[in-house]
Structure formats: C-alpha cells, structure tokens
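Consider the two complexes below, in which chain A is the common component and chain B and chain C are the respective partners.
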Partner chain A sequence: MRSDSSLFSNRWLPILLVTPLMLLIVLFFYVPVFQAFYWSFFLEQPFGGSSEFVGLDNFRRVLSDPEFWKAGARTIVFMLSASSLAVALPLILAIAADRKIRLSLPARNVLVWPKGVAGASIGVVFAFIFNPFVGLMAPLNQMFPGIWAPGIDGTDAFLTLVMAHVWSGIPFNFVILLAGLRSIPHTMYQAAAMDGAGPWRRILDVQLPLIMPQLFLTLVLEFTESITSAFALIDTITGGGPGGSTTLLVYKIYVDGFRGYDLSGASTQTAILMVFVLALAACQFAFIGRRINYER
Partner chain B sequence: MIENARSINIAAGLILAIGMIYIIGPLYLTLSTASQSFEDMLRNGLAWYPGDQLLVNMGKIFTETRIPIQMFNSLIVASSNAFATCVLSLLSAYAIVYFRIRWAGVIFALILATIMLPLDIRVITTYQVASNIFSPLNAVLDVTGLNLLIASAFGAPVHLELSVLNTHFGLVAPLVAHGTGTFLFRQFFLTLPKDLFKAARMDGAGPIRFLFDILLPLSRASFAALFVLTFLSGWTQYLWPLVGASTPDMQTAVVGLARLVPDADGQVPDFPMIMAGAVLVSLVPLSMIALLQRYLVQGLVLSEK
Partner chain C sequence: MTAIDSAIRAAAAQIELIGVTKAYDAKTVVIPPMDVVLRPGEFTVILGPSGCGKSTLLQMIAGLERVSGGKIILGGREVQDLEPKHRGCAMVFQNYALYPHMTVAENMAYSLKVAGVSKPDRALRVATVAKMLGLADYLERKPGQLSGGQRQRVAIGRAIIREPGVLLFDEPLSNLDAQLRHDMRIELADLHRRIGATSVFVTHDQVEAMTLADRILILNKGRVEQFDTPKVIYHHPASVFVAKFIGAPPMNILDVTGDGTALRLADGQAVARSTRTGRFQLGIRPEDVAAGPGGPITATIRYREDLGSHEIIEADLCGQQLRIATPFGAEIDASSTLSLSFPTVRLHLFDGETGMAIADAFEEPQAVRQSVKVHL
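The block that comes next holds the complex of A and B.
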C-alpha cells in the first residue's frame, strides 16, 4: 500500500472526480440491475400504470414454461460448443504464430481484423454466404437437395451461428493468448530442450501449463460473451428460427420484452440469467482458478 | 538454439494459412459479391471473382438507404463513447489511486462489478431507465415519504420526466457506464514510481497541476489504447442502438445494415447491394485497425491484466 505521504488529502476534489462516472454507472447499471430483480416480484403493466406485488408468481410462471427451459438448454449448448471452439482455435493459432516463421507476422495482423467488424455485420455476411440458394453450399444443394437447409434444419442454423461467433471471437482470445506465450522466458525452452524435449513436446509441457492464467481468463470472459453477444448473430442470421431452434435466452428476453410487452416475464428471465452468469463466474474462480499456479 | 524444427514449422505455417483464410474468406466474398450486379448474382450464385459493379452498388446505398446518415450517427456514438470513457475513467482512476479516501476500495469494486453483467443482458430495464432517467429519483422520493411532505407543502408531489431514448446521449451513456477504462488506468497508475509523485509535491504541484502536467502526458499510450478499444466497441454495438433509437435517422449504421435484409423469406434479397453496405459500414473500423493496430493490441492486453 502507499504510505500516506504519497497521497493528496483533498476532501471534495476526489468526490468531484468520481461523480460523473459513478452517476452514469448507478443510473445505467445499478438501477437497471436492481429493477430487473424488483420487477420479477411484481406484475407490471406494459404502458406504465399500476404494478401489483405477486410474490414468486412470475418465477412460477417462467419456470413452468417449457420454452424457457428449451431456450436455457440451447444457451448452455451454445455456450459450451461456441466458447470452447472460440478459445481452442485461437490457442492453436497463437501457438503457431509464436514460432518465428514467415507467416507469423502477417497472421498477427490479419487475425485481429474481425474486431472491427460488428457482430451484426458479419451476421448479415454469413447469412448470405450460407444462404442455401445462392451461397457457398448452393452447388452442393443442387447435387444433394436438402443437404444444407438452415431455413428448415435447426442444426444447420445452429452451426452457422457457432461459425460466425468463433469468427468474431478470434481477435481478443488470440491477442491475449499470444501475449501470454510471448511472456514465457526463453530460458524455459532452452532448459526443456536440454532435457531432450522436442518442439512438439514443449507445447504440452512448457507452453500450455505456463499460459494457464490467460487460458482461464479467456474462458471466463468467453462464457459471458457467448451468452450475450449471440444476440446480434441470432437477430441477423436466423431470427431465432427455424421453429425456435436458435432462440437462446438473451434473444427470448428481447422478444418477450420488446415484442410481447411482457415486462414482468422478461425481467424475471433477466434476473435468472444474471444470477446464472454471476454464479458461473464465481464457480470458475472458486474451482478452476484455485488450481492454477499464477507464479512464474 | 539450433535444432530440427522443420515438421512443426510446416504445421504452424499451414495452421496460420488456414486461420487467415477463415478470416479473410468471408471478407473477400463480401467484397467480390458487392461488385456484382443483382442479376449476375442470381444467375451464378456466390461470386469468386470481383466484378465491376462495386461503385454502382455503393451508389445505391448512398441514394436508396439511410446508411450515410446512420454512419454519421455511428461516428458520433463511437467517438463520444471513446472520448467520454477515456476522460471519465481517467478522472475516477486518478481519484482512486492518488487521494487519501477511505471508500476508495468500495468505489473501485462498485465500478469493476459492471464488467460482470454486460449491457445486452440488462437491456430490458436499461431501456426503462432511459425512457425516464428521473424514474429512480421519483422512486426514491416516493419511498422515503419526501413526496408526501412536498405534496402537503406545495400541493403536488414531484414527478420529473425526461426520456433520453432516440438521442445521441441516450445511445452513448449506457455504453460509458462500464469499468474497463477505470481498471486500465488504475493498473497503469500503480506501475508508475512513487517518487514521481513525491518529486511533483516537492516542486509544489497541486492535484490539478499533477494531473495535467505529469499524469496526462505519461498516460498518452494508455489513452490511445483505450480510445481505439472503446471506439470500436461503440461502432459495433447492436442491441442497444436497436432498442435505444426508434427512428431510422437516429439508428446507427450497423442496425441500418441489418435492417436492409427483408424479414420475409421467399425471394432472394439484393445481396450485392447489402454486401456493398457491409463494406461501407466496416470501412471505418477496419481502417482504424489497420492504422492503429499497435494501440488496439496493447488495449486488449492491458484490459485483461
């Protein structure tokens, strides 16, 4: 900690300095979070007006709705499949780009590009590329009719979502993992080489264990990211269909709240999703975080 | 180190080549399709070679859609998000690190907690708050009974209403309510030597002077990194601008682009024009990445530490 002599002791200035940001955070973060929980205990009228305390009725209604459980299960399937791919792929690319070969410099540049393409933009593009009539799969569809039909087959639509999500998730995870790899001291490799470990072996025994902190961090962030950022992709690629097969919870909340005007139901689902996200992060820190050695 | 690493280098090269194709492929197909005419696309499907209709399709975007004004909106939203985040985060990190305040830890935890629950999750109630930003104040007055007091004294309770929906401020403010910037600047301040502060005090620098003459010049790189990061995040937002702006002239370019695709299934939409729109909408952030890549990478790395 800093000793007191190395700090200013003004009384009102620091309050003045944090007030603008705190005001925005209270207004647009804490009030909405609180209100989601508050409304989940009330029956709200869509256009203002009265609200009525209903206890746990909203939760009973939401939890007995099979659509909620289906959307929840899809969210978890998407979270596990999309985010493990969105970490594994950048990990392989980062290990490759860490080697001193000719392609590694251009790759480091190109792999960051998706950061500048909005999820919704790449959604529009992927919707076109995987369009069954004019897209990439169109020739295949002419030979084997119906082999690729994201408009009818839920699995095809889901796969398109995962591919688009992995595409836009590459830059962040790649940069973080590459930074982790580059901070491994060179002497580690030399020591391993002296012990007879070849380059392939060193990936498993030196590089992977030493970038565990970065790997863990990207996984934690990716879980939350895959739950929320899927919205832009769903809205532009599948619209939740076909037959609701790509309606994840974040999309269902939007549809219920903004199209169905079911504020109480949407708030209750928001509250449940928030608790889930927070619990997920807490679990990861408690169980995985503890086993990782952060010492270098 | 001299050893035979041929097999792994070949494998690494192959992997990187595949990775780059995966990234560039969709971007290339976007560009090549954007340069076809609608009829050509209907006849031949996906275009592997660029055609000569790029300017025609872009012209259609400029004359037939609202994308130009929406790109202006995106520019305002992205740059004011970046500027406001940088300034406000710098100020709050400065207060947390350099002042003797007892509640510094609490404030920092409150700011940092915002990272856990992204805007997309809490969009329903954020929308309600934005539709009347005085609603929390009204609620507090009601609950504490102050409004009864006011009503008995002045004849009517206080009930203020101000909607920030469909304004640039409303599009930006919820994006700024985020803790990454404060976190980034705090980490940076903690790496600075303490003697810097002591020397400045010795020379008689007060808090304001220390901030402007010493801290600000030193933070230039962090400032640039955070600016690039928040600019890109502001430009690529989708859900909030979708609900926060209701008229086409207030929407951002990304939302406008998604609206170009007709909702109804059945006929094939004018994909070449839509792809030309995708090219235009991604042009600003992509050229920013190309020019300021160093800062972007730095920002991504700093924001995780």
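The block that comes next holds the complex of A and C.
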C-alpha cells in the first residue's frame, strides 16, 4: 500500500489508526449480520445446545405464515406514510424558517431539540399525549365518546405510531433540509424575482430542484430508518397491539425471538428484512440518485 | 443593424430618481436623498469604492431593495412600490446567478416561461438571442459545463431576452480574468449599441467606467460626487475624491499653501504660481508631470517600475508621495534626485478643507485647454 501523502509515509500507522473502528464494526455489525444469516439455515434450540441444519426449511415456514405477510404489509404502509410525512413536514418547516418569517430564529432552535430525546422516551411521552382519558384527545372523546381509542382501535394506534415517528424525525430532516436551503445563493432568488417568479414559483423551480441532494438523503435515511427504528416506539406506546395491528416486522422479530423463543424464525425474518432494506436503498440510488445534479 | 438586432431591440426607458433615499435606521443612512436622471438609451456607469451604496442603488431600481423614501420613475411610470417583475428591468448579477439545474436554453427562457409565453415562441426567442451572443452551440449544456465567459453571456442573454427597457449590471465582469474582462467590455459596448436599452452598470473599476460609459456617476458614501461624461470627469474632476478615483495610477494630490505669490510645499518650494492665499490641495496626473533637467521642483526617487512602454517613478516630494509616468520612449537618469516641473495648464486646484475643485484656478488660455491631450 503506497500513500501519496508524506504525512502518512509509515505504512502501518494508517492501519493502526483504523483498527479500533474496524474491530468495533466487525464485532458488532458484520458478525451479528453473518450470524443471523447463518442461523436462518439452522433450527436453533431456545436454550442453546446443538443446532440442526435444515436448509431452506425456515424460509419456507416463515413465508407461508400469514402473520409474516400481514406484518410485512403493515411495515410497508408505515414506511410509506410515516417516512414521507417525516420528510414533507420538516421540508415545509425548513422553507418557512429559511424565508425568515416571524419567530423563525427561535423555532430553528426549538425544532432541533427532539433530536436529543431517545426513541423510548418519545414513546412514553406520546403514549401519554395520546392517552384517551388524560391526553390531548380527551376533550374530543368527551364530546364523541369512543372516537379516539388507540387501546381498542387498531387504526388509532397506528396513527399514534406514525405521529410519534414523524415527530421524532423532524429535527434531523429539518436540519439537513434547512442547511440545503441556506446554501442556495441569495442572488439565485433575486434572479428568479427579476425573471418574474413569485414565492411559490421560486419554491418549485429553484429551491426544490436545488435541494434534491438533501431531499434524497433524508428520504433514503427515512425509508430505511422507518423500518428498523420503529421498534422503540412500538414497544413503549402500543406493544404491538391492539390485536397485532401495530406489529411491524421489526417488532414481530423481537416477539418471535425473545418471547416465543423461535430463534431460527426470528433470524430468518431478520435476514429477509435486511435484504429488503438493502434492496430498497439500492433501488432509490439506482432510480432517483443517479438523476440528481450535485453540481451547484 | 441586422435583423437579429432589430428583433431584440427594446424601447429604452428613462430612469428618474427623485429624492430616492435608503436608510436602515436614523443613524445608518446608506443613500441620502438623491435626484438623478438617466436618459433613455444612455449607458450610465455607477462608480465608487465598496460600501458606497452603488449596489444598493441598483437594487432599489430593480426592486430587490425597498426605497426608504423618494420616487423612482421608469419610462414615465412610478415604480418604487412595484414588484421587480412589473418594473420592466432585467439584471445581470456579479456571480451570474444562473440556475444550475437548468440548461442554457432553459435559463434564458425562464422569464418567458413564467410570463406564460408559448413554447414555440420561447424557442424562437432563445434561438435569436443565442445567435446574437454566440451561444447557439451550447443551448443544451448546463451552466456547470460552461466557461466563465460563456456563463456571463448566458446571464446577459437571460437579461435581454425579455427586451427590457432598462438593463442593470451589478459588477458583471469582476469574476472574469483580465483578458476576458477586456473582451467582454468590448462585447458589452457593442451589445449596448445594438440593443439600445437604458443601461446602468455598477463597478468599482475605473477602466470599465471610462471605456463603457456615456456618463459616469461617481458615488461617495451614497452621495453623488460627480455625474458627467468620462472625458469631463477625467479632465475636470469635481473633487479630490473623483480625482483620486479616476486614472491609473491615480492623480497626485499635494498639500500646498498659497502665500499670495505662489503655492508652496511645506519646505517652501514653490510648485505653481498663484495669487491665492490659504491651504489647498494641488492635483496633477502622473502623466502630466514633466521630468527632466532644469525643472524648478526637486524630488527624491524612491522606486521605479519599468513597464516597457513607459516608466512609473515613485518619488518623495517634501514628504509627500508623487507618482510620475514618463512619456513613451523617454530616458530618465537613474540618479536619486529628480528635477520636475508642473505645467500650469495641467494643474487642478482643490479646496484644502472640503476637497471640492476650484474652477479656473489658474488662468489658462482658452486655446491650450482645447488642445488638452486625451489620455486613455
């Protein structure tokens, strides 16, 4: 290995510097991933001990389970609704903050704070906010009894989940999109104004095309994240219920593996989910990412 | 005038500023009330150092900046409260401000698209303007694939495609290298001749101002120092500020005192005959200083720059800096002291306090004044 930089003429120093990080990534990412794939071909004993190679039996079993397909469908609905909202809402907020409307400066700060709150804490807070008896919806329930009942109505529970996810996604996406908007030179707007474009036209023709890289980044991250990181919210707000209506794939894996002790089934579903997320990201890059003009 | 030119030729509008002022608050007044008339079809250059308010003035005409008071009248219409798009101005920006995600053709046609011009009409106009600016081969390229000069042309094309009555330029040449700047200057002058729109060009470069302008408006801290043709501004600067700003190297300004017989430096050397008394500032251009044996004034040479065609000598005259541009082909002895004379007809006298020019300070024969050599 030859380096052009005279700073790193020592060939072992770069390797030495990277080793700790590589070790962590391998130990806590690649090994478990590999293990999950490996286990998906074995029938594991719940309490350890000998395991038996079963080939594709696990996959056959999981794929023929209607619960798996239901959880998968819920995952996709959640992914599409929650992640598109989690990008659209911050986009509106970022455009407003960028236009320096009233109170945008304090808002810019306040909007970033939720980034510091853990998913589980958000879940606890939202479980309280959307509590049918003491939460925000309580007055509505007083007027129309039973209209908001996330404990019984699966749709209400799902909506709660989506709202909590969107709320927790606002800070990061807002910061990224606002940064994109701020990097557009001021004269670009002046030129558009001279060309006769009003504020809405400027958003459509100038701002949105120019923040495509940031929009793309937030979309890719949101799509993948909505699949995997919904776990903390589900576990604290709904526990997968009522009647499994909020059991997304990631939660089903947890329930199957750690409550049902079906380690092989959980591993298999993990492998399937992982392949799906990777394929999704690859598709986004292939179909959208390539068309984006990164040049300013 | 070719067919292309007449197709794009605009009805030039008169620009009238009546008491236009800009102030951010009571203390920070950028532009005190200003009254200026720019005639239809005239090429006006607004010249001044950075921070003198020249860009602000241009943006107020464009409608990108609100006026704090006064009226702006474009082609007989009061426009100071109108949106930019209703004023009939087009603007070329310093950094071009092209839309990076649109092709050259889309960039130029954008204003027409917003205005609802049909697609075939847009294509026709783009083709006309592209041909005029030599951009026909680049219409499908993105701005990122163009050179600086080509981008500049696209920016100009975008401005003239709507046939605006007023064309505004905000330091459009300052991002180009020296050679390209020179070429674009010539192109701009030619373009103005062909299009005929009233043009306002903001710059801090006096060469651009001298070569492009019909009239130069010199701004100092938001106030108009002088508004006249390049020739008058060069030969009869209204103040020390103007005198120092125009010409390269700039005019020498010396502090002198009049004792009734002559204007003298601090050490008593007489530099010019005059019956005036009091403190003055005496101006003489580097190229007007006559260097050679027998001159009554003595200066010490500090530094010499040989530019081939002529030499710039930096000398010390009684503690004050004096620059001398030698005539073409002249050989000056490389000794440390230099004999000089200041031809009276070439002297400019300014008030010692206000810096304003004193008209006809030296009674010069009319004939000499007529034959004043033009320096460019």
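Just so we're on the same page, the second predicted complex is superposed on the first by the 289 of 296 C-alpha atoms of A that agree within 3 Å, B and C clash if a C-alpha of one lies under 4 Å from a C-alpha of the other, contacts with A are read in each partner's own complex, and residues count from 1 in each chain.
Basically, contacts are C-beta pairs under 8 Å (C-beta built on N, C-alpha and C of every residue); 3 or more make two chains touch, one makes a residue touch a chain.
From a predicted model like this one, the values you see are computed outputs, not experimental measurements.
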Inquiry  = Touch test for A:Pro209: chain B only (first), chain C only (second), both, or neither?
reply    = second
Exercise for the section: Tell me which partner A:Arg201 touches in the superposition: chain B (first), chain C (second), both or neither. Expected result: second
State whether A:Gln45 touches chain B only (first), chain C only (second), both chains, or neither.
neither
| message | Contacts for A:Pro114 in the overlay, against chain B (first) and chain C (second): which applies, first, second, both or neither? | response | first
Quick one: is A:Gln190 in contact with chain B, with chain C, with both, or with neither? Answer first, second, both or neither.
both
The chain contacting more residues of chain A, comparing chain B with chain C, is B
Both chain B and chain C touch chain A at residues 190, 193
Contacts from chain A onto chain C in the complex sit at residues 185, 187-188, 190-197, 201, 205-206, 209-210, 212, 293, 295-296
Chain C contacts chain A in the complex at 59, 62-64, 83-85, 89-91, 93-95, 97-101, 110-111, 114-115, 142, 144, 158
As the complex stands, chain A meets chain B at residues 2, 4-10, 13-15, 17-18, 20-22, 24-33, 35-36, 39, 89, 92-93, 95-97, 99, 101-104, 106-107, 109-129, 131, 133-136, 138-139, 151, 167, 170-172, 175-176, 179, 189-190, 193, 198-200, 214, 217, 221, 224-225, 227-229, 231-232, 235-236, 239, 250, 253-254, 257-258, 263, 266-267, 270, 273-274, 277-278, 281
Given the complex, residues on chain B that touch chain A span 1, 3, 5, 7-9, 11-13, 15-17, 19-20, 22-24, 26-27, 29-30, 33, 41-42, 45-46, 88-89, 91-92, 94-96, 98-101, 107, 110-111, 114, 116-118, 120-130, 133, 136, 173-174, 176-179, 182, 194, 197-198, 207, 210, 232, 235-239, 242-243, 254-255, 257-258, 260-261, 263, 265, 268, 271, 274-275, 278, 281-282, 285-286, 288-289, 293, 296-297, 300-301, 304
